[in-house]
Amino acid sequence: MLIQAIITGLLLGGIYAVYSAGFSLIFGVMGVVNIAHGDLVMLGAFTSYWLFTLGHIDPFLSIPFSALTLFIVGYGIQRLIINRVVEAPPIMSYICTFGIHLIIANLALRLWTADYRSITTSYCGSHLECAGLVIPYARLATFGMAVVMVGGLYLFLNRTDIGRAIRATAQDREMARLMGVRANHVYAMTFGIGAAITGVAGSLISSYFVIYPQMGLSYTVTAFCVVVLGGMGYIPGALLGGLILGVLESLTATYWNAGMSSALTFFILFLMLIFMPAGITGKGIVE
Amino acid sequence: MTRMKRVTAILTIVGLLAGFVVVPAARCADKIQFGFSVPLTGIFGKAGKLVLDSYKLWAKKMNAEGGILIKGKRYPVELVYYDDKSDPGVSAKLVEKLITDDKVDLLLGGYGSSLVFAASAIAEKYKYPMISGGASSNKLFDRGFRYYFATLGKATEEVRGCVEMLKGLKPKPKTVAIVGSDILFTSLACEGFKKYSKEAGFKVIHFELFPIQLQDYTSMLLKVKKENPDVLLVGSHTLVAIKTVKALKAIDFSPKAVAFSYGPTVPDFVKSVGKLGEYVFAASEWTPVLPYKGPVFGTAAAFDKLYYKTFHRHPDYVEAAVAAAAVTQQLALQQLGLQPPYTEAKREALMKKLHDIDIKTFYGEVRFGKDGANVAHPPIAVQIQHGKVVTVYPKNVRQTAPIYPMPSWGHRK
Amino acid sequence: MGPEQNIILEGRGVSRYFGALAALSGIDFSLYEGEILGLIGPNGSGKTTLFNVIVGVCRPSEGKVFFEGRDISGMSPHRICQMGIAKTSQIVQPFTRMTVAENVLVGAMYGGGLPQKEAWEKTREILAFVNLDKVMNTPSGKISIPERRRLELARALATSAKVILLDENMAGLNPNEIEEALDLLRAIRERGVTLMVVEHIMRAVMGISDRMIVFNYGEKIAEGTPREVAENPSVIRAYLGDKYA
Amino acid sequence: MLEVKNLNAGYGPVQVLWDISLEVGKGQVVTVMGPNGAGKSTLLKSILNLTTRVKPKGEAIILDGKDITRLPPEMMVKEGVAFIPEGARVFPEMSVLDNLLMGAYVPQARPHRGENLEKVFSLFPHLSERVHQKAKTLSGGERQAVAIGRALMSHPKLLLMDEPSLGLHPLLVSHTFKAIEKINRQGVTVLLAEQNVFFALEISHRAYVLESGRIILEGEGKALLKEDYIKKAYLAM
Amino acid sequence: MIQTPPGRAFTLPRKAVLLAAAVFVTLILVPAFCHQGYALRLMGMIFMGIALASCWNIMSGYTGYIDFGPAAYFGIGAYATALLMVRGGVPFFLSIVLGGVVAVAFAVPVGLPTLRLRGAYFAIATFAFAEATRQAVLEWDRVLGVNFFQGSHGITLPIGPTHQFFYYTFLVIMTVLFVITYLVERSRMGYALKAIHEAEDAAELIGVNTLKIKIYAYAISAFFTAVIGGVDAYWLTYITPNDVFSVHITIKMVIMCLLGGMGTLLGPVVGASFLTLISEPLWARFPYDYLIIIGVIIVLVIVAMPKGIVGTLLEWKVDSRGT
């Protein structure tokens, strides 16, 4: 029972990690708390949904499409809107991204109605059973993808020129510009990449969570928790934070009460901010 | 521009607000305006749209006949409605607007218990009868209101049919687990499941409510699986039902029966989960196969047909209850011969009439108790069989026998 | 007025570490009532850190600071300010959207503990004293650099401080302005305020200080009158390198 | 090589520089001296277009005959201008290697990464032992070396240096200046803003004295040392 | 000799105060001439919006600490009032004041640690607090096996008196908040709040006990938010945790204040009136596009006039005076 709960939690945590990694990246580089983040998950999920419904493309295969779509969306949002408030006091970026949330979520509602949708693939629900433990294949694959995505993002930031430019811009925007980095472009790239990986998360969840236009905000909130747990702006922290949160929720739901899991999450989030603002890893950005 | 002038300008705007007096809309005496607030956006936006469609269908039907026939004269129906954004405060504001600003003749009910709560309080204050077809919280009826009615049964009653059906099955289930999301409607359904399960002699071995935001149900259901109940009862709406079914499959948990309070009857459900939705039970108040019949829409099947023709989808029991609410008010007006304009005295007469009304409609019999709840309506149970919603209880109206026990996941095609 | 021999502020073995780096190690110092004490040393030698420790911005890792005989180490900055120690910052931080007068007023009300009415009187008096009365109603973001420097001083004065710590208050001023600033510092001393001055402009600090302390690498390497300090070989080495020592 | 004419600049509404004109000849080291806050850093930043230009009339910044007055800062490095800021300002959370590689971010510098890295390591041999160390863990002198190396990685024609001696141990200061001299001999023109007049003037061909945002004096390197004004202002003699 | 006291650049001249008083008197008289329930309710809602935005303004507008959790106090106030009235039979007005006191009893211990956080951390911490409170109220009964908050079943209040009653109640609360904001702005505390906003460390260095001042502002804000929550509960007659602790309440407060202008006296008044007045025709005509339009307006305001309506006007004024 305990092991099952932990495994379930880890599998869930992997998903949390992917969509939180994008959030963490955007915060770490630009200091923007992206309230529209969950809507990017929603857009990714819908991309997969439509490809599945109209083109019979498996959600796992639609990952490149949703990554590309979301990259374009993210790049555009940053270039057109957020670049104009990135130097302003942080409240501006919160409210601005909230405005963007309203626009995206309600446009989606307009286009796709409020229907609850979900993708039921042929292999949906088939699972691995060993030693009395149940491990759904789709989730296992998702978990694998999650680890690959977060690891890939980490490597991308550390090993490539653009990744290096992103980190440099985050640490000292002016100096980075003097190295020839077009800061606005790099910011837009960052947002695009953050959005793309979030879109991937959307595709990954599309096969086992329910998709609807208003789903975004709750994903944003989870991303808050994950990122604070792992250390804001620290990408590997998102993986750790996601896994911890997943296991925590699973354990509370298993041994106590599912109702308490979210109260407990917020309580822990609150305590973390007060006592360990840099997260469990101690590597988050602290203002 | 000096600061003084600017401040003056701003204060003038406030002053203008103070003088905010809305010119009453020009009225036309030979039609009847029905006003309602309904959630078109926000969390209830999806369901609210169904309510709106239902009223539109009714209005269209009436107007096709030239209007409601009252004392030999036909009065066309006009609907005046606003989106309350799923916000109770807005709902209250809108009902007040409908009454005092738009000066509508009569009201119709909205959707969602907390919204209807706020709206009906305003209706009560202004003495406007309100019949709701989209809210069933028990508490709505505990307030001693005289002007509030509902065609739906109380939320806890709704699930009675399901439990009674389970009681009659062979082999009789012994243990049940009840879970549900923690919003008013679904938690009341859980209460109802608990109450009737005890009455039916089932042992409730698990009872748990979870937050509506809960993203992943697997942990919670794994816990239930460990307790191995015969039946899983879920206080649900569509989203919860879809998530539950998918999680059940993911963890390979197949109790002998799964019953939902709401959700599987909504077309989204089968569309989303496909074959996974087979064999689940759901509570209902109405299905098109029922042998009900009445004025306006004719038989239940006729209503279904008309609805499908208009909106290209089949109505669920909420849509039927909503249309029935409008029909009930219409019949009361016709029986009383009350012609517009509707003064306070006429509205009071209407309210009194509704308290003794006993009519038969496509939705079944409508008879309100002292508290305004519909007491004549028997709860129904349905099951998903071959991707279709079929009525399996009560026995006298059922289309087919329930399939029980549900085949386990591994034994399905 | 020469320095009296009353110690008003005293540090004993004050150390401050940032991680492994010792920004201050074991500093002892005494500030006598009424004097002007100059603190010099190359950048990063610990002068600003010492100021921050005195006013409570950071706690001393070791050692204690006494003000009028009371241990003030570890107290919060506002408390220390209310007791009578004010500091001006190297980087001027005016409340840019408030007027010059309001900036000073905050100091008079909170640091000086005056009710609003008296605080206004005090503000006016101080603004006239530092020659800012003409710009008193200008938003403080819009005044010139010398004016900003004087505003920093005025805010510190408004708190009725007995000791004011000046952190490079003359940076960015031209020689004429430096002369004026020095005159102002002397006038402040005449008001009975004890000053502790960190300054890079040697000429200025040499000219005004009664005594000086020289820092290097977080340690005190010399102490004495300006002349004694200027002739101290270790000081010359620290400043100009071995070649000139 | 670099010609600045009638530059008026500052930050936002605050003007810091008034009518600055100066020239830097090819292959020279030119120093701008002046007290703290006189506007030396602002001058360098203005050349890089990082400040607000005030009252733009007849101002011009010409590099090798090309007008770069209004070029955005991120284009400067492509024109061959590299900047070493006050206090080094390395990217603290990045490794030494990443810092150096950032210097070679512009496309034209990327192919020369290898050779430039070698050049930097030969100039500052101890850096090669610390390539994977995070920059924030370095000492002041090492950071300065990284900053200089980072600037060299872009293969610059002109190097702008802001107070390279700031906060450094005197021994390291002379190292730094020796490095600057070496770099200059390899053909890089250097414009230096410096307080430490002895070291700076030792290696400079020409110098300007900046006070309160205006140039008040200019002359040949070591000759300036003899000026009374310098003695008085900076040596308090 | 200086005639007028210096430093009044950011407060109202005396004539404007008189004008405001005149507006107040007019507003008192409105219900005598206008019996229309909807108009009065709409105005009541505007007053409530102004009052809520003012609460947020006192804390976040002046200090720059972005509070994302005022819904916690709104809900606490609503629940305290409901429970006191329904269970304790306490009269309404006493209940809302006690609700405010309960909120303060929460605000102080919550504020002490959170107000040490800065930027996004404070915002997220307050948000977490509000969500935790909502969940706690929702789960309380079930977890402890009691029958107190009634979880998602909510609490029914007696039907309130006439709409004039609520009109006046909100008018009074709004006016009190307006006057408090005005007084705070001119008081010692107002200067300290602005100083904290501009340069908190510098403020601390010249003797401002910044934590204490922030706690005061937070507590005042919490008190009135709770009072308004209490009145709203009575107005709606029925509350559930999901409605009164809703993040939408917070969002409304923030947006109204931001549109009008943070840290200005008239900002909340203008922002709340503006938002309500443009909303009314918008949602009626475009129920589905309404929120998209609001989203676009928010983004445009943030990009084009980040200081809000009042802040932008003030800036023009300062500029035109300066040149």
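Per-chain residue numbering starts at 1, and chain names A, B, C, D and E are given in the order in which the chains are listed.
The rule is simple: a contact is a pair of C-beta atoms (placed from the backbone, for glycine too) under 8 Å apart; a residue touches a chain by one contact, two chains touch by 3 or more.
No experiment lies behind these values; they were computed from the predicted model shown.
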item	value
Touching both chain B and chain C (chains)	E
From chain C, the most remote chain by mean C-alpha position	B
Cα-centroid distance, chain D relative to chain E, in whole angstrom	52
Distance from the mean Cα position of chain E to that of chain C, given in whole angstrom	42
Centroid distance [mean C-alpha coordinates] between chain D and chain B, Å	74
Chain B-chain E separation of Cα centroids, rounded to whole Å	35
For chain B, residues that touch 2 or more chains besides their own	41, 182, 209, 211
Residue numbers of chain D (touch at least two other chains)	none
Residue numbers of chain C (touch at least two other chains)	142
All pairs of touching chains, each written as two labels joined by a dash	A-B, A-D, A-E, B-E, C-D, C-E
Contact footprint of chain B on chain E as seen in their complex	12-13, 15-16, 19-20, 23, 26-27, 30, 33-34, 36-39, 41-43, 45-46, 135, 138-139, 142, 151-154, 156, 159, 163, 232, 235-238, 240, 242-243, 248, 266, 269-270, 273, 277, 283-284, 287-288, 290-291, 310, 313, 317
Parts of chain C lying in touch with chain D, wherever the complex brings them together	42-44, 141-142, 144-145, 168, 171-175, 177, 200-203, 206, 217, 230, 237-244
Contacting residues of chain D [partner chain C, same complex]	13-14, 16, 35-39, 140, 166-167, 169-171, 173-174, 195, 198-199, 211-212, 232-236
Residue numbers on chain A that touch chain D, as the complex places them	158, 161, 164-165, 167-168, 171-172, 174-183
Chain C residues within the chain E interface of the complex	55, 57, 76-79, 81-82, 86-87, 89, 93-99, 101-102, 105-107, 109-113, 116, 119-120, 123-124, 136-137, 139, 142, 155-156, 158-159
